[in-house]
Amino acid sequence: MKEIALDVAVEPPKEFESLFLPLPKEYVEDVYRKDEFLILVGPQHPGSGHMRLIVRVRGDVIQEVIPDPGYVHRAIEKLAENRLYVQNIPLVERPAIMDSANLNLGYVRAIEEAMDIEVPERAKYLRTILAELCRIGTHLYDAAILAVFLGHTTGFMYPFGIRELICESLVKMTGARFTSSFIIPGGVRRDVEKATLDWVYWATFAIEKRLKSFERIFIRNPTVIARLKDVGVLSKREAIEFGVVGPFLRASGVEYDVRKVEPYEAYDRVDWEIVVADEGDSYSRFLVRVNEVAQSLRIIRQCIAEIPEGRVISDQICEDNDIRGEFLDRLADLVLPSGEYTTLTEAARGSVVYTIVSDGESNVPYRFRIVTPGWLYLRGFMESLRGERLADLQAIYGSFGYFPPEADR
Amino acid sequence: MKAEFKAKKLEILKMHIDVIREAFKQAFAPDRVTVEYPRERKKFPPNFRGLIFCEREKCISCFRCAHICPANAIQIYFHDKAWPGIDYTKCIFCHFCVDSCPTGALRATKIHDVAFATMDEMKLRATQTTKPPEVFREDSVTVDYSVDERGWSLVRVKERDELVVEAPPPRLKRRVSYCADPESCLGCRLCVEYCPSDAISVDRKANKLRILEEKCTGCGICVRNCPMKVLELREVR
Amino acid sequence: MNMLEFAMQVFRANMMDIPLINPIVEELMSVPWLNLVVALILWRPFFAVVVMPGLVVIMLYLLYIIWFERKLTARIQWRVGPLEVFRPLRGAIQALADGLRYFFQESIVHREAHRPYFVQLPILAFIPVLLPIALIPAGNVVGIKTPYAIPLFIALLSLIPITIIAIGWASNSRFAFIGSVREALMYVAYEIPFIIAAISMIYLYGSADPYVAVEKQTIPGALLNPVACLVFLISMLMATSRLPFEIPEADQEIAFGPFVEYSGMLFGLVMVLAYEKLYLMSLLFTILFLAGWSGPQLAVLGDINAPLWLVVKTLIVISILSIVRSMYARYRIDQALRFGFSWILAFSIIALAIGVVLGYEGGI
């Protein structure tokens, strides 16, 4: 059969002229000429978070995906330049509200490094407990979103039910269900009673018991394994090249966890292991996070058993053990010495980078920079979608746990 | 540790049977954890961050709460003293204001489910934040979570949970302002202008400041605004 | 004689005999115009098609199944389900509230849609869905009595996916197009094993007549040919787009597939299509595998015994099948096609072999 090529001027349909697409017109025409298809999995779609994905498919196979992030950008870095250092604490917690303690911790550690504040031991253990509780909460939330993207509504309800125990632990310890703003420069805001810590201790056992039901009905469900196995594979070299962070890097075989490489708070005093997987497909990314939940429960139990008595806030900030009544007097007029201070913290989805640049005179930051893990692994996420089927878009999205409010800040 | 999964063909059948067994077990003996609000209500611990309530007599009009609020939600209303009014369209319930109040006048309640008819009503004036809010309750049962090694279960008690809790005793005793370094005082008399209770006056003969301890409420406005920072607060002996 | 007397004669010749309400019927038959209406309702073909197991039962079944499925799913998921609509009944008439809401919602027809098809197809789709009810017998209550009811039933059922594909095409939207293609592929995947499983039961009973099939089931067909029963059940899940094969209507991937542009009453109509198809296939399942309308008969209920047993058994089958929805995730389209053409086809051929062997020499 002889093939003849005719150069026909292709007109994309009118719907694409009325939409605002961040794509050059030549790209759209090229897609139509090559007989491929552009699908907008947009912000208002039951299967994308709050981010627009422009998917180019040929038949059922994805050729490439162009993300259009920024739908939920809230200008946190700019807002932080107009608020006192201590008033920024509720602001930086809010990109990922389930993960609020980890984001809170990174920012406060940057301030403490700048002002050279020594944090007492009991405060370090309390901060570790809060950080691990938030990590478990985030992993459960991501597992639930993965389940709903696969159509498994029971797998969606179970982690949210278990997360209720995490929120209850946070309420008993701090007073608020997630964004507690509990970690302040020098320590934590209140002391926690022994009865509360005992409740959290037994809550970890209750969480493990309920997780067994979840394991039977979702994690070891043959349909789920069939959807997730060998889908969206990122090899070790690719993961490092594209800058993937966190549990998704560990699922491709790289043993890197900030809590082991540069330990902070009480992580070098408790006994736990990094979870690594070899295959780098969606199922191993999911399994890494499930096993990290078990490791976090182990850390919490050890912290509660070994927590020392003592102060909860440094004596450089406050003479008594309690900052109630003196919050503004002690913390509102912090002025950081001039310079640039950076910390690296392991949030639930990866490493989060905080940088504060201070000019030495003002009580507001001169420049504040936060890079969340979602933004860091976005490239790896897009690259892993090439060559997969259209239905795998949601499976890979859920396995990465991409959270647009965190990535867009 | 390695996270991996290997299954042979026969194990897949066993996994199917596990799934079916779990679903049937839940269908007959569910592990339900629903709190049927509003007929039941969940019990909150005493440090729960709910609506904020200001006690009139304890407030010394120091404006610290309005200063620290990250969301700029507190505005001070002037009657004979000055009291805070809270704008609940902006409040994020971080309770920095409660932590900043030196006399413990601002405190948290356990009320969290409020409803306003219009947006304008959400900006509460000082006359509204200083009265205990009126709560319409439909619940008759209080639910609490109980955890042990057997798991998580709900405990239902047929009583009502008190929503406005007892105030914790204030940590700080009453403080008054004093001049710590009279030598460095400029004599600019800004403190005299700022004092809301007229407790500072100038002794023209001695050219010194005189602070009347009976009138001073310890609000600290003079302390924050002194250009030479010579004023401090100390507890009344 | 005129038309009315002719009609009366036809009706009286084939009326249902229910001893429980016979006295009331006798009373009403003496009233001049009312006796025509009563005779029409109790005329056997009309009763089968309109009342039981026909349209009235379908409407009540819809109310029941939506409520039951939501409550069962909620129970498995550690929650309560619909509760507030009518609290003494714990939310049982939630489906009625939803249906009334659809009446008041605006049915938007978007600019790019092919307007006549878009609006009329949901109604036309009811023709292949409701027509097979005329063929299903229950005792001596039947619409059209024919010895070829089962193959006719299957042939009419296989028209339904064509209407769904047409609905997707009429919507003229990318996601609807993908949904239509997936529906076409699923149609190819399940139809052949489904037909082979039904044919294996026809071989087993030696006849395509549902009366013969029910009479010969002293042991239920599910125990005679369990492989065919399994294949039929899985084909039912694939045909009615229930999890784990909810592929044409994947809510998270293609935003509800062919039905993405529908709202208001049109949406209500397309929503019930899948449920009604499930009802029909369960009716066939009951007749072929669960001994149809046989069961202990109460003398006082007379003719209505058989339809009652048929409907009750069908509802039990559907209720148990609702639990699959909360257990499994959704397969991908190529996995479902592979599954349909390898495992299920193999099982259906085994079922055919069993049917032929057991039904040798004219059925058991």
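Order of writing sets the labels: A, B and C. Residues in every chain begin at 1.
Heads up, the rule we're going with is that a residue touches a chain if its C-beta (ideal position, glycine included) is under 8 Å from a C-beta of that chain, and two chains touch if they have at least 3 such contacts.
All of these numbers come straight from a predicted model, not from anything done at the bench.
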Graph class of chain-chain contacts, one of line, ring, star, complete, other: complete
Leading chain pair when contacts are tallied as C-beta pairs: A-B
Most distant chain from chain A by Cα centroid: C
Inter-centroid spacing, chain C versus chain B (mean Cα positions, whole Å): 59
CA centroid of chain A to CA centroid of chain C, Å: 46
Mean-CA-position distance for chain B and chain A (Å): 28
Residues of chain A whose C-beta touches two or more other chains: 154, 161, 217, 221
In chain C, residues with contacts to at least two other chains: 76-79, 326-328
Multi-partner residues of chain B (each touching 2 or more other chains): 19, 23, 26, 31, 33
In the complex, chain B residues that touch chain A: 1-5, 7, 12, 15-16, 18-19, 21-23, 26, 31, 33, 44-45, 47-49, 64, 67-71, 92-96, 98-104, 108, 145, 147-152, 170-172, 220
Residues of chain C that touch chain B when the two form their complex: 72, 75-80, 83, 323, 326-328
Chain A to chain B touching residues, read off their complex: 83, 86-91, 154, 161, 164-165, 168, 171-172, 174-176, 179, 181, 189-190, 196, 199, 202-203, 205-207, 209-210, 213, 216-217, 220-222, 225, 251, 273-279, 283-284, 287-288, 290-291, 320, 322-329, 332
Parts of chain C lying in touch with chain A, wherever the complex brings them together: 73, 76-79, 112, 174-175, 178, 243-244, 246, 250-255, 325-335
Chain B residues within the chain C interface of the complex: 19-20, 23-24, 26-27, 30-34, 36
